[in-house]
Amino acid sequence: MNQRVVVDPITRIEGHLRIEAETEGGIITQASSSGTMVRGIEIILRDRDPRDAWAFAQRICGVCTLVHGLASVRSVENALNYPIPPNAQLIRNLMIAAQYVHDHVMHFYHLHALDWVDVVSALKADPKATSELAQSISNYSKSSPGYFADMQKKLKDFVEGGQLGIFANGYWGHPAYKLPPEANLMAVAHYLEALSWQREVAKLHTIFGGKNPHPNFLVGGVPCAISVHPDHPGRGKGPHYRGGGGATSVDLTGLQKVKDLITQMRDFVDQVYVPDTLAIASFYKDWAHQGEGVGNFMTYGDFPANGMDDPASFMVPSGVILNRDLSTIHELDMNAADHIQEYVSHSWYDYSVGKDQGLHPYDGETTLNYTGPKPPYEHLDVDQSYSWLKSPRWKGKPMEVGPLARVLMLHARGHEQTRELVNMTLRTLDLPVEGLFSTLGRTAARTLETKVIVDAMSGWYNQLIANIKAGDVRTFNDKLWEPSTWPKQARGVGYMEAPRGALGHWIVIKDGKIDNYQAVVPSTWNAGPRDPQGQDGPYEAALKGQALHDPKQPIEILRTIHSFDPCIACAVHVTDPDGEELVKVKVL
Amino acid sequence: MNAMDLLLWSRGPGLGIAIGIFLFGMVLRLFEIYSLGRKRDLAPARTGGEGSGWRTMFTRSVPDRAQFKRSPVVFTTGYIFHIGFFIVLLFLLPHIELIRSISGLSWPALPTPVVDLIAVITLIALIVTLIYRIMDPVRRLLSTFGDYLAWTVTFLPVLTGYMAYHHLLFDYTLMLALHILSVELLLVVFPFTKLTHMVTLFISRWYNGEWFARKGVAS
Amino acid sequence: MTASLQKGINALREVLDAPIASYFSSCVRCGMCAEACLFYTETKDPKYTPIHKVEPLRRLWEQEYTLTGRVKKMFGLSKPVTDEELEEWSPLVYDSCSQCGRCSMVCPVGNDITYMIRKMREGMAISGHAPEGVIGATKRTIELGSPMGIKLPALQTQISKQEAETGLTIPIDVQGADYMALLSSMEIINFPEYLGALAKIFHNAGVSWTLSSEAFEATNSGIQIGVADLARDIVMRIVTAAEKLKVKSVISPECGHAFTALRWEGPNLIGRPYGFKVVHILELLDELRSAGKLKTTGKESEALTYHDPCQIARRGGVVEQPRRLLGDVAADFREMSDPGVWNWCCGGGGGVSANDRAEHLRLTAFKRKKAQLDALGVETMVTACANCRIVLEEGLEHYNMNVKVVGLTELVAEHLVEQEAGK
Amino acid sequence: MRDETLLDTLKRRGISRRGFLKFCATTASMLALPPAMAAEVAAALGKVRRPAVIWLSFQECTGCTESLTRAHSPSIESLIFDAISLDYHHTLQAASGHAAEEAREHSMKQDWGNYLLLVDGSIPLKDDGVYSTIAGISNLQMLKDAAAGAAAIVSVGTCAAYGGLPHANPNPTGAVSVSEIIKDKPIINVPGCPPIPAVLTGVLAHYLTFGAIPDLDDLGRPKAFFGESIHDRCYRRPFYDQGKFAKTFDDEGARNGWCLFELGCKGPTTHNACATTKWNGGTSWPVQSGHGCLGCSEPDFWDGGSFYKALSTPISPVTGAAAAAVAIGAAAGVAIGLANRQTKAAAKAAHQKATIADLEK
Amino acid sequence: MNGLNGIGVKVVHVGGNGNAHAVLREIEARLQLLVEKGEEGSIDLSGLPLMPEDYDLLEETLGEGEVVAEVHSLGPTRIHETGIPGVWWVTHYNSDDEVLAEFIEVAWCPEILLTPEDDVKDGLEALRARLFELNPKSPLGGAPSLDL
């Protein structure tokens, strides 16, 4: 039986995304990914002060709340050839890293876990056995039987209260849930632990950026003057001394807090996140063969040691892997007109050169032209335009970006810790290396890179402290601050590895104002629609061939889609090939 | 329209319109004045008048002592409100920032409480000026609607600025918007009232100084 | 609108120029000019505030020469200038303004109000709003040659008398003399000693000079009433005579407005520079003095002071010369308060003395001079303007003050070192 | 559980009366109520029931939700478990697709007239709202449907409260705030980009405690949190008064915590609780870290000129207007100058030489 | 290298804002009320922005008293009597030891330290229950009653 499956809304993501999929005999033959919300930020950015752009761009996303702000700042700095002080670079690295750790853990527990963890099943767990399970995989301190009993009671009270709130209507009891009750209880406990933990570690952004979400950034450095002075003795008194009453939040207390937060992050990753990933994955090894996607992977690289002009100093290298071939890494050029291009053949945009041509972001255009059905509608015409996302391509090829691409790139480039972690994981799960190209591999890669990044944080922190001790407290370079010092025309690209993948902002500056601004975001690479050649985007490709156990409970779709950690608003419905809706599918 | 909209309007289109009208008006006024021309003086001068013209532009700011004694109130309040107005205008940091953003020039600011005190003194001087204008027979006779309008539009920016700083009457946002609007009103009214004296007095003093100097008198 | 008003307004349109436009644009109605005007200070009547006296002119300027005024006029929002108004303003423009120029010195924005009143009189006179007395004087000047109606025979009589008194020849119509002297009719009638004094001084100093039978009268009522066309005719008589005699310089006599008319306005009235220089007699005396050609002996012992005629000091630039001359001849010179360019007018300049209707006001204004003199306690007041002299004497008499008024030239002449006579 | 009072819930969770007293005292403090009101808070909280809450996300970036997860007191988990019943929330809820929509519809039906509706994101009105749809339904339609049964609406974040970023010039999608659409329900605006979580939880606590919306200012914001400007409560305010200003982001002034006015701080015209509540459990806040306030809790703050230009400067350059004005002024000046010259020339032409006869009227 | 101890630190304070004086005045007024009329009251310190200098001044002026107490419920609450008897410093923390609220209480004894009457009643029952467990035959055992 042929069915068209449409899912709308997909929850536990950022934004609004919709997927329509053809199925044949319960197997997806073609999926179409559609972003259903647009704000026109690129249009809004025109004619504004490039120094302000980060704040606008940052609001592209409140989850990966840092990345667009930083990419924007880097694009302006690249355009103006604007160097920043080493301390600013270190603080940015720390902030990016903190974003990764925070975001990946939250994704795992709060956005992704409920695809694998049956909350209701946890009620049946034996707290003592749960404690034993927990202690067998980690030395995390909160693992006593009493702790799990309390947690279970809390859950029980909640469920018995009859009002399930955010847990309402979950497909609890679906056969695809494979975890034993004890593992479910442990995961639910860690769901709550992670909520409280993330609240804490977000404070690293607050110290340097003033708040989280949406910490502040600055073209030319970071907006957090360091208020310690090498020549003066410390001060502080009494039991009521609160600290932090200094001139800025980056004072002695603040820096000590940063150090504590790094420890807190590392402890949680080591003792909870990594063990939980491995423990849960061991029950879902079949997912190491599903949801692969396009098989092409791309990274831009990030975490510079010597500034953005020295890609060789990046901790995460850049490159392109084609057709799973880890032995050949292709170099990419962000400025080359034929490398990165965006297509709109299936998007609700117009190009002045015609809808079938690709445009490099410098020449990119944002002209809204909705041609879809008038709401309320049941389905989209996926042969025509069907998304507010464009289709970015590298040399005409679709690319998957994100944790898996990075881990593969680190692995292929010989990053030792990554290799160890990957090997350990494959060994533990008893999987071949091909198991990485999958939904499970994608989720595991996210965990592994979190470990790599959290381990690197101390190094940047120590370097920052060493600089301060040596008397270097510079955080901002004011040389090119005034627009009067700028060339009449300039253009640049700011790129970074966002938690969800390669992110680039291209800016064209004219007379001190933004002439054109184009952001090509990770979820556009992954969730974008088909291109003029009919090549699927990664989401679409990853869903192709997926078997649905029960089209009414397509948990499989959510697992694969969530493994990408979508950062857009989407929706999926199920309709028949003629467009007539058969059934609306409930998705967990 | 809420207070923030009003503020944004006043800082945006409002300011553009006001500065536009101001400059339009002032350029027009200068054309009006100079288009009337002036005949060349054929009488041989004792001394060249130009230098004295320039000098009088400044010396006329200082009154003759005897003259000062005759109208101490006018002189004193006049001095205070003019100097006070310009200190507040030129030495309050936000104003310096405004000037910097338009012209690129800047200089150190005075501490805000000092400017605040000067604003109060300026307001008092302006009020005394108004009372004197109403009470004194000469000023009452001379005064036109334009004089009271000019007084009002001069008084309002200082008053609203003071009120905004002290959060009087309305919340700061609205008060700041009103302050900026009052300045814009000043700019709009400026070219069409006696406020033009701020510019034309230099022309007048030059003519006067030059005329007297040709006759050998330092005016 | 009557034809005369039409003419008047037309005249005002003609005289409105950039300085006046600037002055009106600058006026802040501060009223400080009132305190500079003795007609206000002695009456405390606000209508005598100088800038108020040109209000019709201001309105006309606004209506004719500004965009806002034109717009207002188009919508009928402005009051037109009428005969009634000008009539009302006549006493303000003529009776209460001696053109002394003091207000022009104090105006903080630099307005030359005196200049504006002078220009305003052009419109007032031509539209028939000048006072009878001034009209009469002007008529006499034009028709008879002098405001007091003096003709050549009268002068000749005085010349003979002075020749007899001094034993010196008073040259007349001498071609190629260095200096041509002028007189004011006041001098001819009331102070003929001035002529004798000149003869003595020039004789002693060896200056070649002459009078002209065609143009001996220096005063110019055209300037006072404010009709440029008439003033030009009057000036032209002197220019013609001087150029005919080919003199190098013309000496303006002890008369304030005559100096202004000849020295400062004349070339502008006739539209070309003169072929000769114009000097005031005090300037010449001071020149001779510094050249060592003016030797005096003995000094007046009684206390005396000097009254600066407005047109000679403030509006003429002759301030230091009289003081140097007095230094040679006076032992007890006392400076009045507000001396030099800050002097107070006698109250009769600018045609006020010829204006019968203004007599009461003029005498009221004289209180200022009275107060100055009272404070000084001198017996003699020296001055260098025949008109001032007359006005001062009338004022002194009116207030029963025992102060003598003398002309500076005569005083100098009295102290000349005598040389052999009858050269 | 829906009928259980908050006191019951807390008791069941083993919280003592002292604990409840403490809870009430801290709640009163958070709501900026006088300490004596703690007893009233206690009495009220002893009776309230958990209200159903439906959270709709429209043109948003999820920053508001992320912010809520950073709430410290009460934390999001205690909020979800103890205080409210969060029945629909895209980012947090387990269910997707139709199941999610069904949960929303069920909750709306069951609590019709009583639930709290929370909205983040603006609503695009242009072109029939095609710029943002959920389940094929335009945001406008979904908002209207959900608002009809709400007891009150909380507009979370500046986008929902005032239109926010999508509303910024040139507003390509015709985005508007909730209050532009819904006119017949009490609306509490909790602006901020994102809003301070404590403010949002405080508003919910107030609603829970008193069953009514708090006192609002003329922009619909709770006065307790938005009553004062950032500037007035700023720890750097003394430097403003002393005239000590950071000139760049990294000079001695910046390191000594001087006032950021010159660097574009919008604190004086921004009403929010950042300076007192601070961010992320009192860790810091933008000005304390060293960046000026962006003014994010005010309407149209995106169009308020550069974030780095002082509040007293023009939003847009005035040079263009100035040049145009000078040019027009000069043109008009030339015109009136010519007219003036013509008038004068005419007067001169009309001049008839004056004679004595003219003097007599 | 990663230690902070090596960094010499200048803590720059921005100076008090005078609010400490206002608080001290209010304490004085409340203390007078307590003495004269027995009225108790408290001041919410988070309602006023206090700079570190203001805290210093408050602490220095009030001094340290004799009583220190800690309540553990929903996180700790720390209480100490200041050097001015009758003036108590009450700080509520959450379980992460972050300050939730801070009060100056002017009272004979801070309210949170007093045992709630209901708790005493519950306590009496609980004690009787325990006694009964120890010795079911005691005259009080088995028949716990609040009537006593």
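Which chain is which? They are A, B, C, D and E, in the order written, and residues in each are numbered from 1.
Convention: contacts are C-beta pairs under 8 Å (C-beta built on N, C-alpha and C of every residue); 3 or more make two chains touch, one makes a residue touch a chain.
Given the structure is predicted, the values throughout are model-derived calculations rather than measurements.
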Chain nearest the global centroid, as defined over all protein CA atoms shown: D
Most contacted chain pair (by C-beta pair count): A-D
Between subunit E and subunit A, distance of the C-alpha-averaged centres to the nearest whole Å: 45
Whole-Å gap separating subunit A and subunit C, where each centre is the average of the chain's CA atoms: 95
Distance from subunit D to subunit B - Cα centre to Cα centre, in angstrom: 39
Between subunit A and subunit D, centroid-to-centroid distance (C-alpha), Å: 27
Touching two or more other chains - residues of subunit C: 16, 65-67
Junction residues of subunit A - those touching two or more other chains: 196, 200, 227, 229, 246-247
Contacts with 2+ other chains: residues of subunit B: 28, 32, 34-37
Subunit D-facing residues of subunit E, complex: 12, 14-15, 17, 41-44, 46-47, 49, 51, 71, 73-74, 77, 92, 94, 96, 98-101, 103, 111-112, 116, 118-119
Subunit D residues within the subunit B interface of the complex: 218-219, 229, 231-232, 240-243, 245, 261-262, 268-269, 271, 298-301, 303-305, 309-316, 318-322, 324-326, 328-330, 332-334, 336-338, 340-341, 344
Contact footprint of subunit C on subunit B as seen in their complex: 28-29, 32-39, 41-44, 46, 56-57, 60-61, 63-64, 66-67, 70-71, 74-75, 78, 136-144, 147, 192, 194, 196-197, 200-201, 203-209, 211-212, 215-219
Residues of subunit D touching subunit A in the complex: 1-2, 4, 12-13, 50, 52, 57-67, 69-72, 75-77, 80-81, 84-87, 89-103, 106-107, 127-138, 141, 165-166, 168-173, 175, 193-194, 246, 248-250, 254-257, 274, 279-281, 283-291, 294, 302, 306-308
Subunit A residues within the subunit D interface of the complex: 7-16, 36-41, 43-44, 48-49, 51-52, 55-56, 59-63, 65, 85, 106, 110-111, 114, 119, 154, 157-158, 160-163, 165-171, 192, 195-196, 198-200, 202-203, 205-214, 216, 218, 220-221, 223-227, 229, 244, 246-250, 254, 257, 368, 370, 372-379, 388, 473-478, 481, 558, 569, 571-573, 584-588
